[in-house]
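Multiple structures follow.
Presented sequentially are two complexes of chain A, the first with chain B as partner and the second with chain C.
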Partner chain A sequence: MNYELNFAPVFANFDHLIAGTLVTIQLSFGAMLLGTIVAVACAAGKTGGPAPVRWLVDAYVEIIRNTPFLIQIFFIFFGLPALGIRFSPNTAALVALTVNVGAYATEIIRAGIESIQRGQVEAGTALGLKRIQIFRYIVIKPALRTVYPALTSQFIYLMLTSSVVSVISATDLAAAGNDIQSRTFASFEVYLVITGIYLVLSVALSGLFSLVERLAFNYPLSR
Partner chain B sequence: MNIFRKVAALATAATLFAGFGAASAGAQTLEAVKSRGTINVGMLVDFPPFGILDTSGQPDGYDADVAKLLAKDLGVDVNLVPVTGPNRIPYLLSGQVDVLVASLGITEERAKQVDFSQPYAGIEIFLFGEKDVDVPDAAALAGKNVGVARASTQDTAITKIAPEGTNIQRFDDDASAVQALLSGQVPLIGASNTVVAQVETVRPETYTTKFSLSQQRQGIATRPGSTELMAAVNDFLTKMKEDGQLNELHQKWLDAPLPDFIASTNN
Partner chain C sequence: MIRPFGFDEALFIVWAIQWTLALSAIAFAGGSVGGLIIALLRVSRARLPRYLALGYVRLFQGTPLLMQLFLVYFGLNIFGAGINPWVAASLALTLHASAFLGEIWRGCIQAVPSGQSEASWALGLGYVDRMKSVVLPQAAKIAVAPTVGFLVQLIKGTSLASIIGFVELTRAGQIINNATFVPFEVFGLVAILYFVICWPLSLLARWMERRFAVATQR
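Let's turn to the complex of A and B:
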């Protein structure tokens, strides 16, 4: 072991790394937000919708959860243009991540919704609330609180999974690392720094999630 | 004083001896090969599809096939000696091999050390893309998407010439860049002649080469002064190009015809 660390090539390309980090952050937050919307809609459809909607949601969830993400992103970027649907690499990455996290989050949120006791929904009906009001105030908020830890760990996993998107030439943090590595051959140093950045992002994300938990779900449990 | 004189004398003797030795080794190559009955050919074994090891550990590939035919042409047996990129020229110059069929790119620097035959293989990198995309020169790349395999020769070449505003999309390998072209995600890619030939078999008449980014010719190398051997090698290559055997080998190993700029060179 007489390897000499040389971080100069990494720091010389630091703006490239920063740009990549920003893309990773944008992709992650974009997919979390859109994925949550998809998941809440799908979970609502699956627990309270008519049969065809339930089948559709089932099909979506099963297809996505039982196929590799790499294939999904290839399909969206290389396959869909055959049908005339064309995305730029970064948009295709966002779509793929959203579709992927949406399916996992659907199942998580569905579990939360099913944990709400029937009696509470019936109480809402007795009070004369509309269906949408019951879902909004009685079902989804406590459901999200119940499954929040599972949901956030899925989101952190999503951020780490986003490192795959460089295969379709998206310009995220991993792609920036590969670019710098292939130009400078300082693979050890580059990947060490990239690992560090992903670690910082994950820890920061966990911190952010517990802050959100304290702000949004900090009301006493009734059970 | 004395010791200085001794050193100087030794140095002079060594220079003379080395000069004489190299010259004689060179002049005798073809004769030596024929009387030995074996030609020692240096080739790479880590450069597919030109030089590889087959399943039984024997050198194989385009270079090996060319070397075998060369030996047959000279009427001797072939002894394939695996060499590496950095040590191939030293192997040749020190007489451990008689010729190099080692995917050695012909450059001015190397031509100062070894003699090159006419090219027997070559790699040309093109800007390649959809027929109706008009890109006469590098300046016309501005505002266009170009796919390349990350860190490949084409990546380096295009990155160097691309004007501000070119969107270079880097994929993990050539296969993905080609896939992006075929699915219409990028109108242009940087590609080598073998990739171009493969794409044209799959989708003929859809794409054209826009302009050449770089050319590399690979030659068979001998020690300087092995004039007779070099003449024999050149005759052999001319014959191989004329009767289509070299083209066949190229088709076998690279799945594409021998590029024109190699096939048409005869000196």
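Let's turn to the complex of A and C:
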């Protein structure tokens, strides 16, 4: 091997990498938040809704979980304009990530909701709570707490998946890499540094999630 | 000139399924070998192999598959192996699958009651016999459902090989889309084809998981 690794072009474009990292973080947290909202709604529909709603949720979850994210983002960015729905690359990226993580999170949260014992809900009814209050205070809170570990590892996976949005010229971290390597030809070095940044991001996210777990869920799990 | 999206174009996409399946098969076969090694290292009694395997798993589970593909693709070139999408995609997906299968199978090996291992010690079985005849056959039963589940993830993952120029289902869709400009129909078809491959596997995995849960109920 007579190849000298040269990291100078990578660090000369460090501001570019920082900007890309920020977009990746924004996209990830945006999709986590919106995806959780989608998932809570879908899981509620799946566990307590009428049959057509349950079928729709089933179809959504199965379609998304059994097709690649790359095809989903192509469909949203290139396919939907045929129906008159047009997004900028970064918006399309956020929409695609939300739709994607929403489906996985629906399955996770549904499992959490189904783990709530019937007696809890019946107790709520006996106390005269409305259905929405029962869902809000008795079902969803402990359900989310139960599935928190599964949900957060899905979120870390989401952050890693977000690198794919670079293919539709969104301006995330991976796209910054494509950009720098096409100008400097230091492809291996660029992607090595970027892979390192992703690794740091995933370690940081998992640290953040366990910190939140300790602060927000510092009461014992009911059995 | 824009080509119409007709039967031949659709057929071109459908035919590309074979390359998606071939790449998935290579990665799954390679990943099974690598995964078994990683799983065995992860449950090893020696500390160094255990930590090395853990580091490998953390590295591959903590970075995007797309970056792993890029690094192998450009890395092979640096090492003088030239730029070859087949080699790069097969190698990267194999390394990726090894980490994930290794972690899944480690869990399955550890789920085998430790009394089984202790009993084989007591019978005087060595490491190889203990693993081959006692622990792994029992772990394999637990492993089937999650392994099929990962296979679905792997098949979907092969779509990323299109980005380094490997012509499979996704790349075939892009090629046809670039000639016909009907992305809605083209990517709709590609999505349906992936779904047709992946959905039965997902259902199979879920069915096996349920059957296993019933079988182990006490």
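By our rule, the second predicted complex is superposed on the first by the 220 of 223 C-alpha atoms of A that agree within 3 Å, B and C clash if a C-alpha of one lies under 4 Å from a C-alpha of the other, contacts with A are read in each partner's own complex, and residues count from 1 in each chain.
Please note the rule applied: contacts are C-beta pairs under 8 Å (C-beta built on N, C-alpha and C of every residue); 3 or more make two chains touch, one makes a residue touch a chain.
Note that the coordinates shown come from a computational prediction; the quantities given were computed from them, not determined experimentally.
With both structures placed on the common chain, the touch criterion links A:A175 to chain B but leaves chain C unconnected.
In the superposition on chain A, A:N66 contacts chain C only, with no contact to chain B. Looking at the shared chain after the overlay, A:R86 reaches chain B, while chain C stays out of its contact range.
In the superposition on chain A, A:F78 makes contact with both chain B and chain C. Using the contact criterion defined above for the overlaid structures, shared-chain residue A:Y198 touches chain C, although it does not reach chain B. Comparing chain B with chain C, more residues of chain A are touched by C. Shared-chain residue A:V164: touches chain C; no touch with chain B.
In the superposition on chain A, no contact is made by A:T184 with either chain B or chain C.
Judged by the document's definition of touching, chain A residues 78-79, 81-82, 166-167 lie at the interface with chain B and also at the interface with chain C. Contact residues on chain A toward chain B in their complex (touch as defined above): 77-79, 81-82, 86, 89, 166-169, 175, 178-179, 182-183.
By the touch criterion given at the top, residues 1, 3, 62-63, 65-72, 74-75, 78-83, 156, 160-164, 166-167, 174, 177, 187-188, 191-192, 194-195, 198-199, 202-203 of chain A touch chain C in their complex. Residues 147, 150-151, 155, 169-172, 176, 179-180, 183-185 of chain B are the ones touching chain A in the complex.
Those residues of chain C that touch chain A in the complex are listed here as 59, 62-68, 70-71, 74-75, 77-80, 152, 156-157, 159-160, 162-163, 170, 173-174, 177, 182-184, 186-188, 190-191, 194-195, 198-199, 202.
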